[in-house]
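Got some structures for you, see below.
The two complexes that follow have chain A in common; it is paired with chain B in the first and with chain C in the second.
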Partner chain A sequence: MTDENPPRAASDLAGGHTVRRYDEELAKLRAIILEMGEHVVGQARSAVMALVDRDDSQAYRVLDREPQIDYLSLDADEEVFRVIARRQPTAVDLRIVLALSKIASDAERAGDKAKIVAEQALELKKLSGDSDYLRDDLRAALGRLEDAACSMFERSIRAVVNFDVALSLAIFEDEPRLSDASTEVRHLLGEDDQKGLSQRQVVCLLTCAHGLVRIGNHASNIAEQVIYVALGQDVRYRNREILIETLHHQGY
Partner chain B sequence: MSTVVEVMEKTTGAMSSAELAGEQHSRATVGDFTVADARMACREVEVWYGPKKAINGVSLDIGKNEVLSMIGPSGCGKSTFLRCLNRMNDTIDGCRVTGSILLDGQDIYDKSLDPVPLRARVGMVFQKPNPFPKSIYENVAYGPKIHGLTNNRAELDALVESSLRKAGLWDEVKDRLDQAGTGLSGGQQQRLCIARTIAVSPEVILMDEPCSALDPIATAIVEELIDELRSQYSIAIVTHSMQQAARVSQRTAYFHLGDLIEIGETNDIFTSPKHRLTEDYITGRFG
Partner chain C sequence: MTDENPPRAASDLAGGHTVRRYDEELAKLRAIILEMGEHVVGQARSAVMALVDRDDSQAYRVLDREPQIDYLSLDADEEVFRVIARRQPTAVDLRIVLALSKIASDAERAGDKAKIVAEQALELKKLSGDSDYLRDDLRAALGRLEDAACSMFERSIRAVVNFDVALSLAIFEDEPRLSDASTEVRHLLGEDDQKGLSQRQVVCLLTCAHGLVRIGNHASNIAEQVIYVALGQDVRYRNREILIETLHHQGY
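And now, the complex of A and B:
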């Protein structure tokens, strides 16, 4: 875009309609997504805490709160239908509505993964009794995986607030950290000296690690949608290294 | 880029055209305004109403078998531009057109070209249905008669029927061809006007908000008709309905204050327009 054709500020992408009610409807949809995102991050952190601290009550709280995310997902769908039916969105508005709909789906599925981690925490507690099933190095590796996944998801939701391309780019750049942490956990669980764990315990821990990785993947999906809204480019399935380089080249 | 052809040599007052042009530079159009198989090619078209410039150096092609929609806020010049395409602006006192507009390579503003047969080749359908106060049959037969397109009554009957069929009206009126065209519903009247346009074998059909006076059902029928007509004609449509532009056209041109701001594939314009003004307009942020 040139001086005669200035880009709209990212923070202003959803606003400025002549019909102000339209702005309010888009803001409401986005607020639902942001609330979902906050819940997901909270749920994921609580679920991992339940896992590493062997805290039943924390795990049950995650299970109890999980339906909130589902209900918000239904609210988001309803708002998407309403906006499409009433406003027939085009251009950036259409991209926002489509993207927020997909982001709601990603957030809902990420919430499911947190629930799975909590369920596995309860299962491990049942299998292990009072004995500590996590060696220090495994505990630390799981902590790194949780940190990578949750920090990616947290930032992806922050990126939605202002459709922030730079923040989305940072999430893409963080993907190797998630991958490395996941690999580390899997290696530790595969080592001979983890023999103290039963096969069922190992499966439970692998399921938890997989759930955390998936939360990070959902964060990446959300970041892709943010870029779709802000730049009008569908970057799904693109080579990540080339995408990162291209975005840097564009000044992000 | 082409020779400037002045259609109406009128005095524009104390200020010269050059001085006026110097005050208002045309903006660069975003998007490729050319097509591979152009039926009409417009280059650097300017339209002046006395000293006031209404169209500011617009260049675009209208392809064969395509519907080009022209959108923009009121006063942006889209209807003025449309009316240049069959020299309807000739009838406005003080209006002059510069630049070049070619129909199949022929300059339609060439001084030797008669605008009457041109308007048969480039037909027009208006905002408000305007059937002649004659029978349905005569409404369609009138053009072919004055242009001498048929040799006898049988040929004329066949042409009337084929035109009404193409306009999707035949089955509704075949038993009452002698009744007044003005007695039809609004949607039927508009399709009668389209049949009247088709009857003189145009190459291009211009439509100036053809559905703005119609209800949604009649609008849907006319839109379906536009899609069918595309296989035989080039169509340029001015519309205030963004949804209509999105539904019926393959390419869309956005006008703003006499400039062609952006032109491109309709899918692209309505999902990822490149110009901020286009986006503001189609998303309802304009003004």
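And now, the complex of A and C:
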């Protein structure tokens, strides 16, 4: 992406009068994103709890709360519009607001995935009644997938606060954990000896697993935007291993 | 979203000197989006063909071509940055460029889904060898899902050309067709008498179906942005039936 000024290091984002003033203008936008992020992690945790505990009312609470994230994303878009229209940013200032806009969009989409998990929890409850449909190994694998996804997402939102490169790097390094957990769940669901589960139950559980993976993917997208702001490099389609190595080499 | 000017009707977007000049500045961005859209539809059709015909080389071609869409999305982001930095748009002009930015992002994500279908086609081929794993009813249902998704997506991109409200409305009206086709595929895959299919094959086919549905969802997102530009209303979280009725009432 074109910049008229050379990129500023992450630490510089808090320094300098102009930047500070701009940061204040962006404070509302950041606050909205942080609130969205907290909601997403809470929703994802609650949705998996609803699934594992076969808890209908927990699932309904997730569905009831979902519009909060949607409305926050409308607020975020409005702030992006307002900041650009009023401040007419260029160079790094424009880069920041466009990155925050993408981050808000990823947070909103991650919230959708938590809702999908809650919907599947309800469907599974309907299909299964009170019988415990989760074998121990599958339950444990789903727990690992949830932990990987939520921990990545929670850190991605924290990384936004100070455009923290090291934290973003840690998220990239966690991607194999997410991917391994996902493979494990898919593998367990793909076994033909899942005799306790009907095909429909498998379909629901797979949809949940997919949703959790996507929450982790959104965290990675957010981390990419943090890097973009902090280092001025669009790393979206770079080889991940080389990127991780390069960032380590740069002292992160 | 805040606007300093009242919204312009879609037909006004081509009129007036200032608007025309701005339209020219946006021409490159629109051209990139149209190119992305063509790629997405081509990729989705090819990926489903690879799946249905068990055609490895077709699937590999889809994977090989996928980076084209990714790179176009980087070009789109660069254009968004350039137009805002140079033109400092406000009001409806800013609304257009921010909407095009979201549209490019949806097109890129739709391209990802075509890639996922191609990956699953390869996986299915590996699992199934030369045996025909698709029962006729499932093949037909997948075809209906592909048609619904691709037809929605193709029209969403055409709607971007003139910010065409009527075409966007037609996409909203097609959503039940997408949803019905998806339910049908999920239902067929959820039947316990899918004796010809292993759980792993079911998992792959379900992932494909999910990808196709998401392509249709991205088309709906794009149509929402078209409405946003043309009518100045953010309709993302409005009740769809009421929205369709209102647009009809307004003569679309």
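Here are some notes:
Criterion: the second predicted complex is superposed on the first by the 230 of 252 C-alpha atoms of A that agree within 3 Å, B and C clash if a C-alpha of one lies under 4 Å from a C-alpha of the other, contacts with A are read in each partner's own complex, and residues count from 1 in each chain.
Everything that follows uses one rule, which is that contacts are C-beta pairs under 8 Å (C-beta built on N, C-alpha and C of every residue); 3 or more make two chains touch, one makes a residue touch a chain.
Every value quoted in this text rests on a predicted model; they were computed, and no experiment measured them.
By the document's definition of touching, of the two partners only chain C reaches A:R82; chain B does not.
Applying the stated contact rule after C-alpha superposition, one finds that A:T90 touches each of chain B and chain C.
When both complexes are overlaid on chain A, the residue A:Y71 reaches chain C alone and has no touch with chain B.
By the touch criterion defined above, A:V202 reaches chain C but does not reach chain B. In the superposition on chain A, A:G232 makes contact with chain B only, while chain C stays out of contact range.
Common to the chain B-facing and chain C-facing surfaces of chain A are residues 1, 4, 88-91, 94-95.
Chain B meets chain A in the complex at residues 27-28, 30, 242-243, 246, 269-280, 282-287. Across the complex, chain C meets chain A through its residues 1-2, 4, 67, 70-71, 74, 77-78, 80-82, 84-85, 88-91, 94-95, 98, 101-102, 105, 186, 189-192, 194, 198-200, 202-203, 206-207, 210, 234, 236-237.
Chain A meets chain B in the complex at residues 1, 4-8, 16-19, 22, 88-95, 232-233.
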